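In structure tokens below, several structures.
Note that subunit A is present in both complexes that follow, paired respectively with subunit B and with subunit C.
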Partner chain A sequence: MITYVLKRLGQSAFVVLLTVSTVFVLIRMAPGDPATALAGPNATAADLAKIRTQLGLDGSILSQYLTFLERLFTGDLGTSYSFRAPAFDVVIDRLPYTITLALAAVALTAVIALPLGIWMSRRADTGREMGANIVTIAAQSMPEFWSGIMLLTVFSVLLPVLPSSGFTTWPGLVLPATTIALLQVALISRLVRREMVSNLTSPYLTVARAHGIPERRLVWGYALTNSAIPVLTALGTRFAAMLNGVVVVEVVFNWPGVGSLVVRALETRDYPLIQATVLVTAALAILVQLLIDLMYPLLDPRIRLGKATAR
Partner chain B sequence: MSSVLEVEDLQIELITEHGVVRAVDGISLHVDPGETVTLIGESGSGKSTTAMGLLRLLPPDLAVLSGRAVLAGHDVIADPAAISGLRGRVVGLIPQDPMTALSPVHTVGRRLTELVRLRLGGTSRHQARLMARELLERVHVPDPERVLDHYPHQLSGGLQQRVLIACALVGEPELLVADEPTSALDVTVQAGVLDLLMELQERTGVAILMITHDLGVARLVSDRVHVMRAGRFVESGDVERVVTAPTHPYSKQLLAAVPRLVHKETPA
Partner chain C sequence: MAVGSLAGCASPTGGPPPGSVTLGLNRSLVSLDNKLNQFDAAVTVQRAVRQGLTRIGADLTPVPVLADRFELTAPTQWTVRLREGIRYSDGSPVRIKDVSTALTMYRQVSGSYIAGFFPEWPTVVPVDERTFTLETKRPLPVLDYLMANILLTPASANVPEELQSGVGSGPYVVTASNRGTGEYTLRRNNNYWGRPARVKQVQVRFVPEESNRVVGLRSGEIDIIDTITPDSADQLSGQPDVAFERVRGTRINQLFYNFRKPDGHPLSKASVRQALSLAVNGKRLADEVLAGSAQPAVGPVAQTLNGAVPCGTYHYDPRRAKQMLEAEGIADGDLRLTLIWETGEFAGDTSVMEAVVQMLGDIGVRVRLRQFEPGGNISEWRQGRAGDWDILGNGYASPVGAALPILQGMYGGTPERERTRDTYQGYINREVLTLLDRAYAEVDAERRQKTTARIQQVVWDSWPSMWAFVPNSVLAYRTRVADVSLEATNSYQLARIGLEA
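Here is the complex of A and B:
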């Protein structure tokens, strides 16, 4: 178990380094540069050259990369150009907001999609299930900037019951979390439905029914626990993905999280901030994935970590 | 003595991709307390469909049942809802493939204690566990205390089948429906499971409706047999009579299909 975790952590470190390195190179190959963004429109060529030297951007990409690595191993991710503060600290300050939003969105998705999926599995292939599918797929198909703005219009402007932007009070969480959940419900509810149907028609369930286990218990105690792994994996993966910043939703709702930070960092070509964001969020996403994997043996006794499993 | 199960002109139609199939075509039988009645036939003859139909375990949207099937005074064809009060109490099922018949994420102990507490309301966890242990002893599971904490995948097929028999016994049923209970097991294990069923029958007087394609099994356990083919009984009667002097050509065929070890003279 411990060797397994250590091995996974080692792999994760490698993946994170690879991700950051790729981003490091890509942002430097993309058009535009931090000096022009910082100096403003009236800067002379001499001003720009001076800024580049100050920021350490005058060398080749390789020499910049080596300097970056050297600092990385001493725990220094550089100073954000626009915040004039350690890039790592800037990201860490924003992280709780994104984590809060992601947790709320995943919780809301689960609260809607689990009962909905179970409901659908009990009415598999009926008109009512089709109706539920149409509604959830319609919700999934709406671009989030549009559904976000629609929710804002209805619940902040026409019926001013919820705050429109920022995160000063808990109700401020409702609209952005709902916007994200709308995108996830279709996928998760259909996954729940599929797993439930396959468990509800499986031999062990028929035998349990023959033993006189009540129908409610068959659904909630048997089929649902046996459906837990794929559903929790999907929810966890969605959560991990959201940690990279729910960019559009954060911008629409002016949410002070990592997503809106990344947009600003890209606009100002704030290389250290981009790199720090990628590093922190990638590491976090991989950690969440590892935690999900560590949960598997608790949910399914047939799974032993680090060993090939015959199902 | 009234029958535990009385079936009259049972018909089961299954809705399949290729249209409606009449899987069971007007069979009648009865099972009295303490006796074993066997349905024997090849795959697709409708014998398992009969068993599942009597327990109302066929998907309601894919199976249409008609006729009469009275289980402990309740006609489960006319009143399908009645079966939910009978399953586990009056009738128990011993399934065909024990390896897929237990929920993989529940321990044997959880499964059995759940059933015990369901049957006997107000039993404490501790009491239920003691009773579960006793049930495992009754079906001759070695080291029952340890097996209670095992998950199904940690047990052999034979042990899983014994656990399933224990599950079926919790409610002290009057009838056990055994749907090919040994066909998924190794030959050496098969005999043990059949012995156990007969021992339980002797001890508790439970009636058994046995479903099998195996003449050896039928001969060993049955009082009466019904030879089934294409949804109908082609021959019924006392097991020894059917085996030794079959009258219907299909019964003869079935008997002739049994592989025999013929002693051949080897040239010196």
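Here is the complex of A and C:
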């Protein structure tokens, strides 16, 4: 187990480095100049040259990259051009907001999607299931910016009961989390339904049913447990993706998370901030995936990490 | 953890806590200093915390703030006296050294926003504990305007970069800030030397999307939003508890020609520039595309500025435009132009550009639009380093309140500055330079104004812009807030606003 974790951590470090390196090169190849974005509108060419020197942008990409690597290994991700503060600290300041939003959205998704998926599986191919399917497909088809604006119009403007933007009070979490959950519920409930139907019609459950095991236990004890791995994987993957910033939702609700931060960093060509965001969120996403992998043996004792699964 | 420190005083629906006002800014404040940038809404907040010797008042003339005397005592000398008993929020006195240090820091900062307006930096010469002179080599008759942009900080805490924290002498102090989210909490400065602020607490929130600011205002989460577009004003008009403040602005938005064209290029001829201008129906653009939120310019700077004079009007006469082009040997389809601008340069920018394409198309001139996103490389294009262009959609802010420094900033380009592409789109006019020199050297206000008026006419007659307009500044606020008095600089005095009982 420990060997497996260490091996995965080693692989993860390599993946993070590769990701950050790719981003490092790509943002420097993109049009735009941090010095121009940073300098005032009256900056002269000499001012811009001075700023580029101060920011260490006057050398080749290779020399900038080597400097970046050297600093990276000492834990220094540079200073954000626009915030004039360590880029790592700026990202860490925003991260709790994104984690809170992602956790709330995933929790809301799980609370709604699991019972809904089970309910749909128990009524597979009936009119009621078809109705539920239509609703979930409709929810899945709605772009987040649209559903967000609709929720905002109803609950913040027409019935001003929830905050429309920012995160100054806990109720401020409701609308953005619901917006994300709307899409996720549709995806996860259909996944749960598919897995449950597959398990409920499998031979082992037919045998169990023949042995007189109560239906309730078959559903909640057997079928759901065996459906847990793909569902957990899907939820975990989505949570990890949300850690990279739920850009659209964060912009619609002015959520002060990593997504809106990265938009701003890109607009101002804030290279250290972009790199720090990518590094932190990529590392977190990989860590979440690792944690999910570590949970597999708990859900299915046949799985032994780092070894081929027994057939 | 940041989330753990949620503003506990906000109401459950996110509205301002009792006795507090919430401002929704379209740009993150980032700092409470204006060394590098000075967007309009920030002026309101920055000056509530830090102050200058003067400020640009409602009539766009300098009003004394930390100085109680600021007068021209010799052609190259201004005598200034600090107000008695003025102190920073930490109780320390405002000293002459703070003025000299501030001037040094504003001069030294790379990309200084203010530097472009100062033809030369004055030297501070102390006379007594409160009095000093500002000495220049050449007369600088608008120094009282320019000094309004130099905000004072204790000398020991000032550095040649934007100040993120620290104390000021203003009616408010910053008690909490989060640069990451752009949220600041200001509390009344109980040690303030002047009339205390009426509102005890001000929350400053960064809400970049205009639609969010509008929704926030409608729902009561935000009390004041500024710099709103005509569309947003339409959405808010008729809403209960929402009121507007509208003033004529000082900013001028232009469709400015590229003056770096070689001799022989059609745009190097004033007659061609004039012809293209005749093809633009400015009235329709102002009334319909910009929904009446702007006035076509009648001079090279906004008429609200002190010293601005009307020089002419933009006429719409496509037939004459075509005749003038033909007289220059330019037939239908011969002239192809590239119009560049950055998204958000002004409200309704894309619609204006698309309408201009149509209007120029009507006289046989084809226009290609090239739109840049913020943070892109439009600056390199403007300087002609990344590609060629013909017309630039651009806005020029005029925070100093007077026409002369703005004319100097825009039209005072010299061949030396052009070597580093530091002129305004390549505009160099020897007659204008001579007149600017004369105006700056003139101590007599009447004679200086005469020269300033002449500069504007010379610039106007050179057809620098295909079309230009001055947008109104519009601010919307909840009626629970009283005495919001928007000034032409698109800012207001935070200490003056109050809350309805």
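One rule holds for everything that comes next: the second predicted complex is superposed on the first by the 308 of 311 C-alpha atoms of A that agree within 3 Å, B and C clash if a C-alpha of one lies under 4 Å from a C-alpha of the other, contacts with A are read in each partner's own complex, and residues count from 1 in each chain.
Definition applied: a contact is a pair of C-beta atoms (placed from the backbone, for glycine too) under 8 Å apart; a residue touches a chain by one contact, two chains touch by 3 or more.
Worth saying up front: this structure is predicted, and the values here are computed from it rather than measured.
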item	value
If touched residues of subunit A are counted for subunit B and for subunit C, the larger one	C
Touched partner set for A:141, first subunit B, second subunit C, both or neither	neither
Partner chain(s) touched by A:67 [first = subunit B, second = subunit C, both, neither]	neither
Which superposed partner A:165 touches (first subunit B, second subunit C, both, neither)	second
Touching partner for A:225 - first (subunit B), second (subunit C), both, neither	first
Which superposed partner A:202 touches (first subunit B, second subunit C, both, neither)	first
Contacts of A:11 with subunit B and subunit C, given as first, second, both or neither	neither
Which superposed partner A:22 touches (first subunit B, second subunit C, both, neither)	neither
Touching both subunit B and subunit C, residues of subunit A	none
Touch list for subunit C against partner subunit A, complex	1-4, 6-7, 10-14, 28, 30-31, 36-37, 110-113, 115-117, 161-162, 164, 178-183, 205, 207-209, 211-212, 215-216, 218-221, 373-377, 379-380, 383, 386, 397, 409, 417, 420-422
Contacting residues of subunit A [partner subunit C, same complex]	31-33, 35-48, 50-51, 54, 82-85, 90, 93-94, 96-97, 100, 149, 152-153, 156-157, 160-172, 251-254, 256, 260-261, 264, 266-269
Interfacial residue positions of subunit A with respect to subunit B in the complex	201-215, 222, 225-226, 228, 299-302
List of subunit B residues in touch with subunit A within their complex	52, 55, 57, 59, 84, 87-89, 92-93, 95, 97, 100-107, 114-115, 118-119, 151, 153, 164, 167-168, 170-171
